[in-house]
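Labels A, B, C and D are assigned to the chains in the order they are written; within every chain, residues are numbered from 1.
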Amino acid sequence: MISVNNPYLPYPVRIADIVVDSPDKSLRTFKFEFLDPEDETRFEYLPGQFAELSVPGQGEIPIGIASSPTEKGYVLFTVNRVGQVSSYLHNMRVGDVMGVRGPLGHPYPVRDLKGRNIVVIASGFAVTTLRATVAWLLHPDNRPNYGRITFVYGARSPGHLLFREDWEAWQKRDDIDVYVAIYKMVPGWTGKVGFVPAVLQEICPPAENTAAIICGPPIAIKTTQPVLFEAGYKPDNIIMSLENRMKCGLGICGRCNVGPEYVCKDGPVFTLAQLNELPPEY
Amino acid sequence: MSDYLVSEKTLAGFFTALATGRRLLAPQGQGDDCRLAETTGPVSLDYANTHLSPKGVFFPQTEKILAFHKLADKPKANQYQDLGDQAQPTVIFGLRPCDARGLTVSNRVFQNDRFTDPYWKGKYESAIKIGLACLNPSPQCFCAAMGGSPFGEMGLDVLAYPKDQGLGLKALTPAGEEILKKAQAEPADLAADMAALEKKAIQSQGSLDDYATINERKIMELYKADHWAKTAEPCLGCGVCTFFCPTCHCFDIQDEQNEVGGVRMRNWDTCMSPLFTLHGSGHNPRPSKVERVRQRFMHKLKYIPLKQDGVRGCTGCGRCVVMCPANIDIRSVAAVMAQASA
Amino acid sequence: MGNLDDLTQKIREKAKSLLKSGQVEVVIGYRAGTVPLVAAPFFARSPEDCDNLIWSSFARLNLANYLPNRAGKVALVAKGCDARSAVGQVTENQFPRENLYLLGVPCAGLIDPARVAAKEPRPIQSATESDEAITITGAGFSQEIKKAEVLRRNCQTCAHRTPTVSNELTGPETPNAPPDDFSDLKDLLAKTPAERLAYFKDLIKDCLRCYACRNACPLCYCPICFVDETRPQWLGKSTDPMDTMTFHLLRGLHCAGRCTACGTCETACPVNIKVREFNRVLDKSVQENWAYEPGLTWDQKPPLTIYQPNDPADFIK
Amino acid sequence: MSDFEPKVVAFFCNWCTYGAADLAGVSRLDYPPNFRVVRLPCTGRLNPKFIMEAFKRGADGVWVSGCHPGDCHYIAGNYHARRKFVLLHTLLETIGVEPNRLRFSWISSAEANKFQAMARDVVESVRACGPNLTFRKAEFKLDLAEVA
């Protein structure tokens, strides 16, 4: 959990590795190691939670945790270069010291979904927390507790598909169905082609005893919902992760609210049933 | 808990006693210049209310919270360190009941169901809060309509009121009782006196049924109502309402640095600014002033009551009513919210 | 019946006929405020709405501020300074001239609540006005104050009270005040630089950086204001006095040669800063160097958009 | 304050004063090293916020220099700039920035001698003003207890 005495105080970390993830270099995955190994124990998290990456002198950005708690010794974050902090972070080097403040928010309710089938639907680089989710579900401690697991993932081009090693390994397993798609055919691609909703329509697992976990840009989330409705999914069983501008991550600074709920403190994970009662301010 | 009296003769000594061993903050100045400032007494009881709300005592407009060294030869370079809550023993005299109530609303945000803000907590909980009841509420006041009272006790350790050129005081918490005893206030029984004065003070305020109606209506019913574009049209988006509101608590976190190090600070922010919610991608969930104005009023009158057991985010202090350059009056907006159809 | 009532009547009649005939979609004017000494902006869209329109010497907000980015045809209830600001908006291509109907109001100067409070500090419950005086009432008192004694600073030196440009005037022209001779600035300049800096620092010491002055100003329509720029971020967001000073200086410079001295910035300021002091320094310079006053005609060229090869600038070495 | 070395931020037009500085250097005309040059495409590019930023961050003086009127590479950039400078100069002087802290000049790329003289004069003028303590952001304090 986050520092009890002062939730504003980041845990100091060192950049252990940086992987450039996309051809346009707009995505990089950072691997952090805690300077104080005790902090890693304190930073106890579940898939779907996020943390504030704290770059000294620049500020903080809330980023979903891409590693799974079953992976020890480090935490992973994939960062898109958009603003001041993320641009600066993209120019930092292995060995640099910065801060990670978290974990924040609520995880995907994986513990409440025991005994059920799960379909995980990822679009674009929002795959990060879902990659963590699948990694967590597939861990030998957890896998027996769940039924059929399906992973659907789409991105613009093969170069924009993250965590290739992971999903290629998953494709070889028989306890998970993996469908990876790109939006437009390119030579050499042997997987599926099309937007995520179209791919989902083709392969959508039956709704019975199944929960869907979706993360992606607003347009992808919006267009995926009708496919799930058609397949018989109820809003209770459609679980989504929102993002809004954040500063404190603690439900205090006020900007990330969706109606009375704070995306940082009460989310970022909501069911569609919950969101149907809330203003669409995300 | 009991009641106490301080006579005209002992008043000066009472304030001296309050200021002993801690700082005493009390309203000073008149009208727009009235502000909480440090004093050892005497304290004038003749003021309407402080121009700015008292929230700045616990939540300064700019507050440094963390700092770090940058140079490699310093220990813990590039590691943020806590600057502490900067709390000092304080007694505030003369909080109006509306403002004390407003501070409790912020308190429940700063100390919410999951996290505790140490900077707020240190200052808020170490301060003894002595309220001064309003015998003659100002024309723009409407605390009673918001569930408060000119003699409201919420968030106070002591409630005082002017009596016979001195003070009547009602202890509300053990800390309040203790400070009154130490200041040698005389025990008294003021219940009947206070009840009569409260009744008279409330009479000067209109009662508003609209707020009950708002409570009953669902979020989306209020949200989708068709009046918001019209309600927001005159808004300049300046955020004066939020800067002056005793319950507005939103802030921005910023880093500033130089060659040797930097600090992380927080500054008051306002939901009336488009930047408040602007995503890095350029997407803005509240892109125009219609959404922003709606957010402010929904927050005050619907969201906060939902989360805080019915206590409203508006305490009826009337500051925004007076300060809004475009005269967007929360009382009128509440009436529209109660009536408007989707 | 005084001139004020006549103006109100005339505004309502004209607004109704403009809306009925479909000449405009909205009439932007003033309604009575919900608190004393305030007239609030009001958007009349139907003939029934028009009965809320009033004219009053509490109408301090500059309504031209509502023009930029507005679609459709608009009639603007405009006093002298508002009309000039609207002309400025048109000149700067922020609003199409063909969509603008200026319903000019000859103004006699507006009331400064701070000056009223200086005369009567007790809380005011209501205020009424006649042509010459206002009457304020509170708990146990009622007092009449001559308007001339409580006019806003800028209204006391307003040389264009009656709109110089309008589609129609709602009443007879009002006499102008003697123009601003900037004599107080001359006194200020006689002081040492250190004293002047101290004066201006003191002037803005209460600034909350709420930017109400900016938001109320009809000249401030930039999609992203320099204070909100983030890459690079020119201004810190804290209450640092130098950041605050930078804001006021740059705001002043951005308004130079465009400011019509409408005073809406000072009206909006919640902590009563005389923010126009910065504008006045520049107004004086604009008038001395280029003899320019903004918004008087449709075809004026703003001084910073043009130049003369022999412009004086002795300080450049 | 004999050891005070002023820091001056200089905004030079690429087409003239920047060239003059270059020529002065190539011609071995020595001038004080107290300024940090920001090269602009034209003085018309000078936004007043650049000057404020320089002072805010602790510059003791600011020097803006461009092409002589009539010689602008972009025909009229410096004519427009000149009007802006009139206002900027007036405003800063009125609010109490010492006049010697802010210098405007026209120096063509051939005027290496003028550049040398002006550079010396600017630095000496600013030196006479002393360090800029009043028109800048407060000295940065970390308020961190030094951890031994």
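Convention: a contact is a pair of C-beta atoms (placed from the backbone, for glycine too) under 8 Å apart; a residue touches a chain by one contact, two chains touch by 3 or more.
These figures come from a predicted structure and were not determined experimentally.
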Look at the interfaces B-C and B-D and say which one is made up of more C-beta pairs in contact. B-C
How big is the gap, in whole Å, between where the Cα atoms of chain A centre and where those of chain D centre? 50
I'd like to verify one number: the distance from the centre of chain B to the centre of chain C, where each centre is the average of its C-alpha atoms, in whole angstrom. 32
When centres are defined as mean Cα positions, the distance from chain B to chain D in whole Å is 47
Whole-Å gap between the CA centroids of chain C and chain D: 36
So chain B residues touching two or more other chains come to 68, 76, 81, 252, 254, 256, 262
Chain A, residues touching no fewer than two other chains: 83
If every chain is a node and each touching pair gets an edge, what shape is that graph: line, ring, star, complete or other? other
Every touching chain pair, please? A-B, A-C, B-C, B-D, C-D
Okay, in this complex, where on chain A does chain C touch? 83-84
Within the complex, which stretch of chain A touches chain B? 2, 5-10, 12, 35, 54, 56-61, 80, 82-83, 86, 96-99, 218, 243-245, 247-248, 250-260, 265, 277-279, 281-282
Using the touch definition up top, name the residues of chain C that touch chain D in the complex. 185, 188-189, 192-200, 226, 234, 236, 240-243, 245-246, 249-250, 252-253, 256-257, 278, 281-282, 285-286, 289-290, 303-304, 307, 309, 311-313, 315-317
Which residues of chain B touch chain A once you look at their complex with the stated criterion? 65-66, 68, 70, 76-82, 109-110, 112, 114-119, 218-220, 223, 249-257, 262, 264, 266, 269, 271, 276-281, 283, 285-286, 291, 295, 298-299, 302-304, 306-307
For chain C, which residues are in contact with chain A within the complex? 230-231, 233
